[in-house]
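Next up: some structures, all given as structure tokens.
In what comes next, subunit A is part of two complexes: it sits with subunit B in the first one and with subunit C in the second one.
So, the complex of A and B:
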């Protein structure tokens, strides 16, 4: 994950689930200890190592909370292999319910929002949004897509590739021209990395800009987010809690020349800041589509409350 | 079938939805003899009686809701205010009558719309000073208005308002001159739909007959223009409406 091979909150969580399943399958509990107290202790250094490679995202943190709870809740009467089976099943169920089936449910709801003649704006690459658009195309809806991309990773390019391969007419712009293109767009669809307890949407940096410009031109902003990404954190700006990615990736210029700030480490006055996330206020979002319901952004705490009651 | 007959389609649809849920999704805790657990009854007659009783309770609560709303809303009308309202609304009428009963001195401006004259007549009959204004003159009068109070045909999931044509311009005008915009609505009108634009409303909500699709009956006011909703569940903000809907339906 540190080398950007696994990217995206769903993919990273899925990869973590696979890794934890492998760990649990290979795990051998020491004779003197109980699986439910020892497994958590054994997993801890693994999670610490992962978070040192790259900061955990909210989806991964929520999965870790879930699996730790499952481990401590597991009955002491089970044999080791039975407990292991149960935990493996818990991991599988988490993936199936919260990622796979949730994705399908969100896709169904979101595809209903896409009508013939729409021009939909998406930001960079999101596995969920791409799935929605491909599904809409499979249902023979006629629409166009505008992909807004930004440096340094330029992941919008692969979005464009996937969409044009499916036969969806695609435009590709950089984020600088988003005010220009917003006039021609009918809807904006954004993915979220997390939804905070005060309704703020945490997404890849640049999402807030899309929300703001869409609001100025009165275009509806649709955010798609699975409920397992709802978190209890509260923040109103992007500085309070964020991740810094590799600053050297900002040195890549578009025409292979050396960047003018290439010597930034030697200069005492220059710093490169490569933020990963930003927060979008709930007033800028028209609707959040989750697998449970279509909600206004300010209702995110209600889902959290209900989730707590269920548990 | 009921849904297809009346012109205020959404309120009937939402009311019917809630009615069915109310009478079917309970286990008889409110029944007079609490030993009866509805799922364990043999034979249909006790179940039928139970459903009918629940139905009657539902109807009673509906009838009461207007009175409850008037009770909550009349304190917002103080002496010397000018209230602007759109078209005819029985809930708003009830609120204004209650305020008048409590000897508040206020004026009402009613936009003509479809049934404005009827509203003015009813208010004047009660002794409330009401004036009919043209729909086109809302810009002219808005600076003299203290707040806007309208009824509703339906309230949607994000707290937005579906009401007779002409409500949206009044809301935008009120917002631009910083006048509060209040909605008085019974909770059975909370409608399970989430429109993102005017055209997102289903056709049977917009038009009276399916053939005549030129002039819609209703328009949609987004939640950001609404300050408060007076409902029988309490005085709510638009974001609380979705809370209530989630509690009811999910």
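So, the complex of A and C:
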């Protein structure tokens, strides 16, 4: 994950689930200890190592919380192999319910909102949003997509590739030109990495800007987010809790010329800051589509409480 | 692929004086001696090869020199004839390309100088009443050609001095607008802003955050220049502007053109930056010399009529040919920023609110020159 081979909140969580499953299958409980107390202790250094490689995203943290709870709750009467089976099943169920089926449910609801003749704006690459658009195309809806991309990772290019492969007409602009194309857009669909308890949407940096511009031009902003990504944290700005990605990736240019700040490490006055996330205020979001319902952003704490009660 | 929409956007629909005819008007050729003609053609060629990095100050000084040459060597007796010759030459120049607003503005200044010198010392100005202003204009002056020419050339020398000192006037105001320990956000590259901030650094300690301004990445060059001058600089991606702007004290930007109502035609991406600043109530200050102030308004909200689209090789490498053939890639060069997003203009004549610019326009330019394609010298002109 540190080398950006696995990107995206769902993908990283799925990868974590696989890794934890492998760990649990290989795990052998020492004779004198109980699985439910020892397994947590055994998993802890693994999670610490992962968070040192790259800061954990909210989806991963929520899975870890869930699996720790399952481990503590497991009945002491079970044998080691039965307990292991139960935990593996718990991992599977988490993936199936919260990522796979939730994705399908959200797709169904979101596709209903796409009508013929729409021009939909998406921001960079999101597995969920692409899934929604491909499903809408499979249902023979006629629509166009505008892909807004931003540096330094330029993941919107692969969005374009997936969409054109499916036969959806695409436009591609950088985020600087978003006011140029916003007039022709009918809807904006954004993906979230998390939804905070005060209604702020945590997404890839630039999401907030898209929300602001869409609002100014009176275009609806639809955020798609699974409920497992809802998080207890509250934040009002994007700086207090954020991740800094590799600053040298900002130096990559498409023409072969070197950037004038390439020697930034030697210069005491220059700094490159490559933010990963930003928070979008709830006033800029029209609706959040989750697998349980289509909600306003302010309903985030209600969903969180419902999730806590369920457990 | 190049579909109709993309192809149309490349052709500017701004004005009718397009660079179709590569031959000078025969009327013009009659009035101008041969060696001047070659210099005029050279200037037109210089404008046609519009390079993005050409400094507007350099173009503007060149323009003044070329027109001074034209005034001295052309065959004219009255000011009316001279204005006709100048406007005829303007039709030949590729002024309709959106890069050339500073050249057009300087031509308008020269025309205003000619009209003022012609009207003589009893010239009325707009303050004395609109009808008086229009009536007194193009009466044949009692001055002969040589006297009129001398007066005009003296005024042009003053204009050159003004252009020369415009940047230093702007940067001397830096200390009034930057205080210690401030965080200033700027966008892309601007010579004026760079010198403005470096001047401020001499007395105050502050930080600057520079937006990269993709896809040209001019912000990197700005950051290198600012940090070489001793200012702590941070480079961020344009998408991060909304994330950090609440922590910034002010936004100071340059522009390509200032439009008549105080709106801007600025680098691509400035509009969204100004919108984010407005959301968090961060003031946006624009530093620009008055030769960038153009008496034109936005002709249409249609982005294709206002903007210029350039090649996308900086956005998506051409090696990804498969994608290039299937996807419509837009790389507009400019951005329209409405005047309500701007707090203050710092110009060589001082600081002005956007609402005051109409007054400055009335002092700098004559209404008959707002549209340089309009060949009439006066509004009541029947001669054509």
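Rule of thumb we're sticking to: the second predicted complex is superposed on the first by the 311 of 311 C-alpha atoms of A that agree within 3 Å, B and C clash if a C-alpha of one lies under 4 Å from a C-alpha of the other, contacts with A are read in each partner's own complex, and residues count from 1 in each chain.
Going forward, a contact is a pair of C-beta atoms (placed from the backbone, for glycine too) under 8 Å apart; a residue touches a chain by one contact, two chains touch by 3 or more.
Here the structure is a predicted model, which is why all the values come from computation and not from measurement.
Chemist: Looking at subunit A, does subunit C or subunit B touch more of its residues?
Modeler: Of the two chains, more subunit A residues are contacted by C.
Chemist: With the two structures laid over each other on chain A, which partner does A:216 touch: subunit B (first), subunit C (second), both, or neither?
Modeler: second
Chemist: Classify the contacts of A:274 with the two partner chains as first (subunit B alone), second (subunit C alone), both, or neither.
Modeler: In the superposition, A:274 touches subunit C alone.
Chemist: Does subunit B (first) or subunit C (second) touch A:208, or do both, or does neither?
Modeler: In the superposed model, A:208 contacts subunit C only, not subunit B.
Chemist: Regarding the shared-chain residue A:31, is it in contact with subunit B (first), subunit C (second), both, or neither?
Modeler: In the superposition, A:31 contacts neither subunit B nor subunit C.
Chemist: Is there a shared patch on subunit A that both subunit B and subunit C touch, and which residues make it up?
Modeler: In subunit A, nothing is touched by subunit B and also by subunit C.
Chemist: Help me check something: in the complex, which residues belonging to subunit C touch subunit A?
Modeler: 212-215, 217, 220-221, 223-228, 230-244, 246-247, 268-269, 271-272, 275-276, 279, 301, 303, 307, 313-317, 320, 323, 326-332, 335
Chemist: Which residues of subunit A touch subunit B in their complex?
Modeler: Going through subunit A, the ones touching subunit B are 113, 187, 220, 222, 283, 286-287, 292-296, 298-299, 302-303, 306.
Chemist: Can you tell me which positions in subunit B touch subunit A when the two form their complex?
Modeler: Where subunit B meets subunit A, its residues are 157-159, 194, 196-197, 223-224, 238-239, 242-243, 246, 250.
Chemist: Contact residues on subunit A for subunit C in the complex?
Modeler: 150-152, 157, 160-161, 164, 169-181, 183, 205-206, 208-209, 212-213, 216, 237-239, 242, 250-251, 253-255, 259-261, 264, 267, 269-275, 278-279
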